[in-house]
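Take a look at these structures.
One chain, chain A, appears in both complexes that follow, with chain B as partner in the first and chain C in the second.
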Partner chain A sequence: MAAITATAGVAVRAPRRHSQLSLAWRRYKRNRLALAGAVVVFVYLVLGLIGPWVAPQNYATTNFLYANHPPSLRFPFGTDNLGHDMLSQVLWSMRNAIEVTFGASLLSLVIGVVLGLWAGMRGGLADMVIMRLVDFMFAIPGFFLSLFLVVAMGYTILPVLLAIGIPGWAQYARLVRGLVLGMRNGEMVEAARAFGASRAHIARLYLLPNVANSVFVAFAFGVPFDLIVMAGLSVVGLGLRPPLPSFGNMIAQAGTNVLGYPWLMYFPAAIFAVILISFLFVADGLQEALNPKADEGGRIGRQRRGGRARRLGSRGAF
Partner chain B sequence: MGLVKYLTKRFFAILVTISLVLAVGYVLIYISPGTFYSAANMGQGLSQLQVSDPALYTQYLNSLNSRYGLNQPLIEQVGKYVWHSLSFNFGTSFQNPSVPIVHQLASALPISAILAFGAIGLAVALGVPLGVLAALKRNTWLDSALTSVSMVGQAIPAFVLAVLLVLVFGVWFPGILPVSGWGNFGEAVLPIVALSAGNVAVVTRYTRGSMVEALRQDYVRTAEAKGIPYRRVVLRHALRNSLVALVTVIGPTFAFTVLSTVWVEQIFTIPGLGTLLATAFQNKDVPMSITSVYILSLLIVGMNLVVDLLYRVMDPRVKLE
Partner chain C sequence: MAEDLLSVEDLRVEFERSDGTVYAVNGVDFSVAPGETLGIVGESGSGKSVSVLSIMGLLRGNGQVTGGTAKFMGKDLLKLRRRQLEDIRGRDIGMIFQDPMSSLNPTMRIGDQIMEGMLAHQYTNHKGAFNRALQLLEEVGIPEARARFRSYPHEFSGGMRQRAMIAMAVACEPQLLIADEPTTAVDVTVQTQILVLLRELQQKQRMSVVLITHDFGVATNVCDRIIVMYAGKVMESAPLADFLARPAHPYTIGLRRSVIEVGTQAHQLKAIPGVATTLMAPPHNCPFAERCQWVTDLCRAEVPELRPLSDGHFVACHRAEEVLAEAGANGAERAAPRGDGASASARSRGAWSQAGDEATLHA
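== the complex of A and B ==
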């Protein structure tokens, strides 16, 4: 609790110091949907971590005696046409999805932040070249580049991760460059320069911490987007190759089998949808919590969120 | 900037973008492992030939390679490929050597275009009224319901929704609408609905936002003060100005919709560009896979140009740059 000091008979409540993080958490807590989303995302991450150990079967185990078995006690989510236990498939898919989407988003983030910092700091030719590339990547959906990259590299975890991650950098680069341009000529950087700080030093210790919040929010939106891209690749037959399970494979497979064996779609599609929505709630909550300026006027906040549609639509990169 | 100068500049920008797409695509497929001349694609006869008469087998492959120009240096191949594609000379695909790609496009492109434009049209037709409604009833249960629903609609990708629609109209209520194929009006309904759900959400949210903003403007108060009926104030003064901003979201939304047609066509087994693209990529059919991406990209880039011009027409204050 706040310390109370008595000065000349008047009780003055010393202002309590709040860290930025606790303030952000306080703002985040207000958003119930974001809290619920965080719980689901947490459960998803835990299941993804322990899933392979608790799964009743290995993802490649087939049991033809029980092919296309409806949900029962033994197979809570039913089985598919090869007798895969769908519960195990879902659990393994979570593991694969976490590896691919977080890895891909992280890869995009690292490339994008480095190029964005470089473009913003250096200006001139470097800036021009990088921004032309960004324009190019924004002109056409990155999914198309992912298609070619998958064909070129292969159909296992790492190639798919790279194929999704490489086209995603433009988003981060544009964001970081914009923020850096706003700070480049500010007093903070000027002071650092006066002390003789090198460019790399300024970028690392002065600029990076100041763009971290925005980059983190972009990352939070990037992960569910990459989840969509990953499943989308599977839908056109260019994702993880069976027997590696993935949500996209299960959903695409359900599409052709839904008339006879609808349980093949109930569980994977529902779980996939819930995970996606939860991620978006979390990202939305983070956006409000970490960008207090956007939160001041509810209307501005709403409009900014409307902008996400644009980001989702054209997070393109190729 | 003058219109002619602007268009010239944009034209060259588009040319460079598309050429890069073609070149990058070609090189990536070129360096990819595997070959189209596999038993799965060419029939069992090829692998038998390889065993029984290796010399004839090599000769056969060489003749195919020289037919498709695959024996030339990579730079030359890329240059020629880009140039031929830009002049709409696509040649034939590996899978159907007897049918020019142009003919395949002629039957597939209209289908994808109907899906994409239908989805955008439906989204505007539904989203604008819903957005206006949400803005007029802002901060009521109706507003929050619409906002939440559109948030969910935005989060769910079209292919999940498509599978869901197949379930509803194929298993639960069969016989109302066909759930696969292409050819008549009924078969277009579900794919377009699946594609437009996300767009309806986007348009609703965006319209709501800009309407709320517009309704607080001075000119709306002035119009009300003049005694103009509220209905007219909303439709004529506020909505008209909000729609200008809406045009700018159509471009990116369209890009994502074109992408989604590729997925949705798979689920509903529609013979559009997306199906051409998917089968071509799965079979390493180099000309067809690059051409389908090229045409889809062209559609997106062209739509962006149209949107920019439209924006200029609707808002004279906007300067083309």
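== the complex of A and C ==
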């Protein structure tokens, strides 16, 4: 026996392999767009964090003498009809957008993952009730639910965050439940049960870590989606109430006089668009990096790029 | 038989399917004495895995135990509540599965997975579990235990994963180890190593082992006693010596003739005609009747009871004596060269579960 072990030992000794994370990073790096998107997102996050301190003015400060001022050295992005400095408005908007979208996505994620795990793990009545709720959420447009919630709760950061976050859980719940169902009767869970693991233990240490990748990717897609919802709410006048600045507010207000003062539209809309598309690139890159099996045949670069373009195209249409 | 570690009586399991009820296990009895290795042999779908999973409370989905008892250390496993069963699983009964590739948690380090069971059952404290996990890794033949402790399953080969699974299963020094086709998914060379390892661990920890396999070679190699199952019933149960020398059930003999050994030519094989049946109703005759060459009207009319043939040798066949007289000598002839030793399992890595299918192909 000892001899067998010894030979087996030599045979199986393998060079130290790279961690899953570094492999994922390596796959991510190959995707130029995702890399560029990550840089933009990083800058966006940093500006959002320090924005209020580097902004030339407070978002509520008005300069009546400089109303509707075109871009200049003093007001790089110009001013609006009340004389708000648009650069400051943009910087504060970033802060608000980060707070609302990340908070809302996180809220959706937590509710969705918990309910999804529960439904998938317990099955039976719990599963049925939760999945009917999910169907209900998919059946009514989430945007209108958000509208109602904003009207009911108010127009400051937290109510808007809740209004966007609460309707979003169904996506995560469905994703997680599907993945859990795939694993629940699998050998891994059976083995875990065979050594006496309780349901809670299996959910926490076996199921949750194994859905984390997919949930993270869903989160990466969820943030830009919530950004759109947030702007949409502002456009119909039910987002953050001015003077709280947001991209939606700025774009909506610029629309009324876009021929006279086009800079009011150009800067916020362009920055908003760049941020949005960067998030989508990042999410796409994460999907490829974290779920490589979903993107088999990645060695042939051209094919992969074609596939990505197609997918982005379809998303653009949406 | 009061001293049996595990004794299963009249176990019945049914599966609800959209096209009706499948009678997977139809009154199975067996027992495991302390320190004994019991082999359960049978084709796919014969109910061998299901009977063991059901007494562990691990039946999936629509399977249900509909009758019987499974006494383990004085407690009926089938009547325990979930928490009590969770307590026993992993602590008193360890389990190894067929596919080590998919049984390990890919997001958890090997060492942590081995420690997990010990900590969950409060077998020892954290430090003790760590040390025991290291010691176990060495015992199951994983070199550089300290470095391997921090590896993830994907960094292990199939054989090493199966070794890690074994380490997990025996971590709490269970009284009983259930191995469900532990060598089906690994190479023949690894298979031999795993079997040797299992035997070593069994002797060291004085466990009983239930080995489920479709491989006659594996079963005759490591088991003290062998049960042959067909259509959810025990066909024959015998100590190894009797089993090798005096097989008395037509199905057992048919299985033995289907085993492919190195050097066997196709024309020497004698496959059992037909395919294994799935029972959609409780058996009302001998389930093997339609594939049996000794079949009589009695076999088609009445379910044969499992009855003693000699001491410790049980057969469920109406004509066991005649079968033994006619074919037993023949069977013994074939059994003789197979004896024991680790090489036998490698020689006869059995393909006989497919033999039935082959027969229908040729027909």
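Keep in mind that, in the parts below, the second predicted complex is superposed on the first by the 280 of 318 C-alpha atoms of A that agree within 3 Å, B and C clash if a C-alpha of one lies under 4 Å from a C-alpha of the other, contacts with A are read in each partner's own complex, and residues count from 1 in each chain.
In this section, contacts are C-beta pairs under 8 Å (C-beta built on N, C-alpha and C of every residue); 3 or more make two chains touch, one makes a residue touch a chain.
Because the structure is a prediction, the values reported are computed rather than measured.
Looking at the shared chain after the overlay, A:Ser198 reaches chain C, while chain B stays out of its contact range. Contacts of A:Thr156 after superposition on the shared chain: neither chain B nor chain C is touched. Contacts of A:Met188 after superposition on the shared chain: chain C is touched, whereas chain B is not. Of the two partner chains placed by superposition, A:Ser22 touches none, neither chain B nor chain C. Once chain A of one complex is fitted onto chain A of the other, the partner contacts of A:Pro224 are limited to chain B, with no touch recorded for chain C. In the superposition on chain A, A:Phe143 makes contact with chain B only, not with chain C.
In the overlay built on the shared chain, the residue A:Asn210 is in contact with chain C alone; chain B does not reach it. After overlaying the two complexes on the shared chain, residue contacts for A:Gly255 are found with chain B alone; chain C is out of touch. Once the two structures are overlaid, the count of chain A residues touched is higher for B than for its counterpart among chain B and chain C. Chain A meets chain C in the complex at residues 1, 4-5, 8-9, 12-14, 17, 20, 185-188, 190-198, 201, 205-206, 209-210, 212.
The residues of chain B lying in touch with chain A in their complex are 16-17, 20-21, 24-25, 28-29, 31-33, 151-152, 154-157, 159-160, 162-164, 166-167, 170-171, 201-202, 205-206, 208-210, 212-213, 249, 251-253, 255-256, 258-259, 262-263, 266-267, 274, 277-278, 281-282, 284, 289, 293, 296-297, 300-301, 304.
Residues 56, 58, 60-61, 83, 86-91, 94-95, 97-99, 102-108, 116-117, 120-121, 141-144, 152, 154-157, 159-160, 165, 168-169, 190, 192-193, 196-197, 200 of chain C are the ones touching chain A in the complex. Residues 136, 139-141, 143-145, 147-149, 151-154, 224, 228, 231-232, 235-238, 251-252, 254-255, 258-259, 262, 265, 269, 272-273, 276-277, 280, 284, 299, 302-303, 305-306, 308-310, 312-314, 316, 318 of chain A touch chain B in their complex.
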